[in-house]
Amino acid sequence: MSKYKTSNSLQTTALQCERGARLLFDDIAFELNSGEALLVQGANGSGKTSLLRIITGLTPPITGEVRWNGVAVADDEQAYQRELLYIGHQAAIKQELSVRENLRLHYALNGYETDSMVDLAEKIGLRQRLGVICSRLSAGQQRRVSLARLFLSNQALWVLDEPLTALDVDFIAVIEARLQAHLASGGMLVLTTHRGLDLGTAKVRNLNLDTN
Amino acid sequence: MRLFLFIFKRDILLAIRRRRELANPLVFFIMVVSMFPLGVTPDHAFLAELSAGVIWVTALLAALMSMDNMFRSDYDDGSLEQLLLMPGSKVVLISAKIAAHWVSIGLPLVIIAPLMSFLLFLPAQALPSLIITLLISTPILSLLGAVGVALTLSLRGGGVLSSLLTLPFYVPVLIFSTMAINAAAVNQPVSGYYALLAAFLIISILLVPFAVVAALRVSYN
Amino acid sequence: MFTFLHKYASPQYFYSWSANWQKWSSVIAVLLMSVGLYYSLLNSPADYQQGETVRIMYVHVPAAWLSMFTYMVMAAAAIVALIWRIKVAEIMIGQCAFIGASFTALALITGMLWGKPMWGAYWVWDARLTSELVLLFLYFGVIALSGAFEDERTGARAAAILTLVGIVNIPIIHYSVEWWNTLHQGPTVSKFDSPSAHPSMLIPLLLMALAYKAYFFALLFKRARAELIFRERNTSWVKALLKESV
């Protein structure tokens, strides 16, 4: 397991987001340090996905900024993106490609290989299906492919939007274990989820968008 | 460079997997070119005079039709987000995608253009000119089209709007290409036109990807 | 230095200082237009070839000049909007697109009206008219794009990018259309260029051009202010303003 810099921090100041003419949230500020997790909650439509998109830098906020280790993300995007792993709502896998071919992109995204393809497939429980075209997999299996990056990643900050969607109970446990290991070795986590998630002994902060 | 090749090869692989869709612009090209003799006149001399422009405009339309798939599928399944978050040059990445799109859509059009020239009686001496102008221009079309697609990616009626936005920018390419072909048809010198088109291509390759990346960011606003 | 600009560009501040500019532009526009029209229609010579119909030139040529000028202003607003994200600049893009399209349409229509007595045809594919037509398409593109987004600020950013791609392309388009036109030149030479600079024709032309420019600014500010008030309708300063004026 790779070690992360123990002094990473993610800060936001006064984030604001609008969708059309509607103000989704205003003045979101938090600070997250190594080994901590931020759990974002709120009703459907309260802006959880938008907040995560702002944190990743995909969407610029109307006001406020996101800082990684003191430097605004907008100022040094590359440094931030090297440390960032984002798994969004959508599976982000190509339906026309096989599991193996999709995993190859994950190797490219993460920039290095430790596991062999077969071992990685083993970890996500799809070893027998490496050559299968993804359109023939179930939604849960497709999500497993997109979550494979969690097992490859050497990035310090993980931003996950509803990572447990469509997963069965066994695999949820596998993911939880992986998240706990990530936090234990100094990683950071921001995630949204509708179901309860066991993150072990890590420090978890809560952010509820309904109250903002 | 490695990033470019990786994305390029991946997009080509995707195009191969979707090869049935790729035939559509080619069939469109053939059918619409055939409409002209049917709708206007099969007269040899008349068609020969029209042929350069008709083939060219139809190739343009066929390319426009399939411009959308440059980013559409990646946008819809979330892959584009991931690509935009990769550390490394976004411009190189986008250039790779545009290049792959040209190879899968533009290049086939160039390859079947000679067939179209037979249907419309393009003078034989103009044929090399047709191929060369299309070869230089179709990448320009892919590049400019990419801007339109990137700007309209998040819109529902995106496809038609993107074509409307990019069509005016095609006017110079259209004019210089057809002038070159018509000059070749009467054995006039064409190298000046080629030089202009090549210059336009080089400028587009250097500048347009930046505009496309900016436009993609707007789509994620 | 730019913090100083930001202050002038804030919606509230802009609304107050633009009031004067708008008023004075309107006054100047009316004055210049009256003088200009007097000279164009009454006090300038008729063309020895075209007769009285040459007077359409005084309306057509400034319209064409303004259609290009408006695009420049739009491009400048686009740069400001993209780099500094200033709301007023974003509004300017949309307004310039509308005003520019109107001037272009005016140039085209007056061009057609001029063409009929000259060549018996409402439309000719001459270089100037064809260029104006393509310009009209570019304006339509900007208008369509900025209006297609649910969030108007995103629409303005998209329109800004399109405008800047356009500004690079416009010289190329213009040049290619000129070249195309010389190749396909019919027996008639374009009469749409301003006739050789005789002061009695040049002065009214320049007066009209200045009048159009003043009108452009008057119109731009008026419309921009109206849209600004609408967009900022939920802010405290607008609410206070509305309360005062009632």
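Before moving on, here are some points about what is shown:
The first chain written gets the first letter, and so on, giving A, B and C; residue counts start at 1 in each chain.
Keep in mind that, in the parts below, contacts are C-beta pairs under 8 Å (C-beta built on N, C-alpha and C of every residue); 3 or more make two chains touch, one makes a residue touch a chain.
All values reported here derive from a predicted model rather than from experimental measurement.
Taking the CA centroid of chain B as reference, the farthest chain centroid is that of A. Overall, the chain located most centrally, as judged by its C-alpha mean against the mean of all protein C-alpha atoms, is B. Chain A and chain C have Cα centroids lying 48 Å from one another. Chain centres here are Cα averages; for chain A and chain B they lie 37 Å apart. One simple way to say how far apart two chains are is to compare their mean CA positions; for chain B and chain C this gives 32 Å. Multi-chain contact residues, meaning those touching two or more other chains, occur in chain B at positions 221.
Shown for chain C are the residues in touch with two or more other chains, namely 151.
The part of chain A that touches chain B in the complex is made up of residues 53, 56-60, 78, 81-82, 84, 86, 88-97, 101, 105, 108-109, 111.
Across the complex, chain B is touched by residues 82, 134, 137-138, 140-141, 144-145, 148-149, 151, 153-154, 157-158, 161-162, 164-166, 168-169, 172-173, 175-177, 179-180, 183 of chain C.
Residues of chain B touching chain A in their complex: 3, 6, 10, 13-14, 17-18, 73, 76-79, 81-82, 84-88, 220-221.
Residues of chain B touching chain C in their complex: 147, 151-152, 154-155, 157, 161, 164-165, 167-169, 171-172, 175-176, 179, 200, 207-208, 211, 214-215, 218-219, 221.
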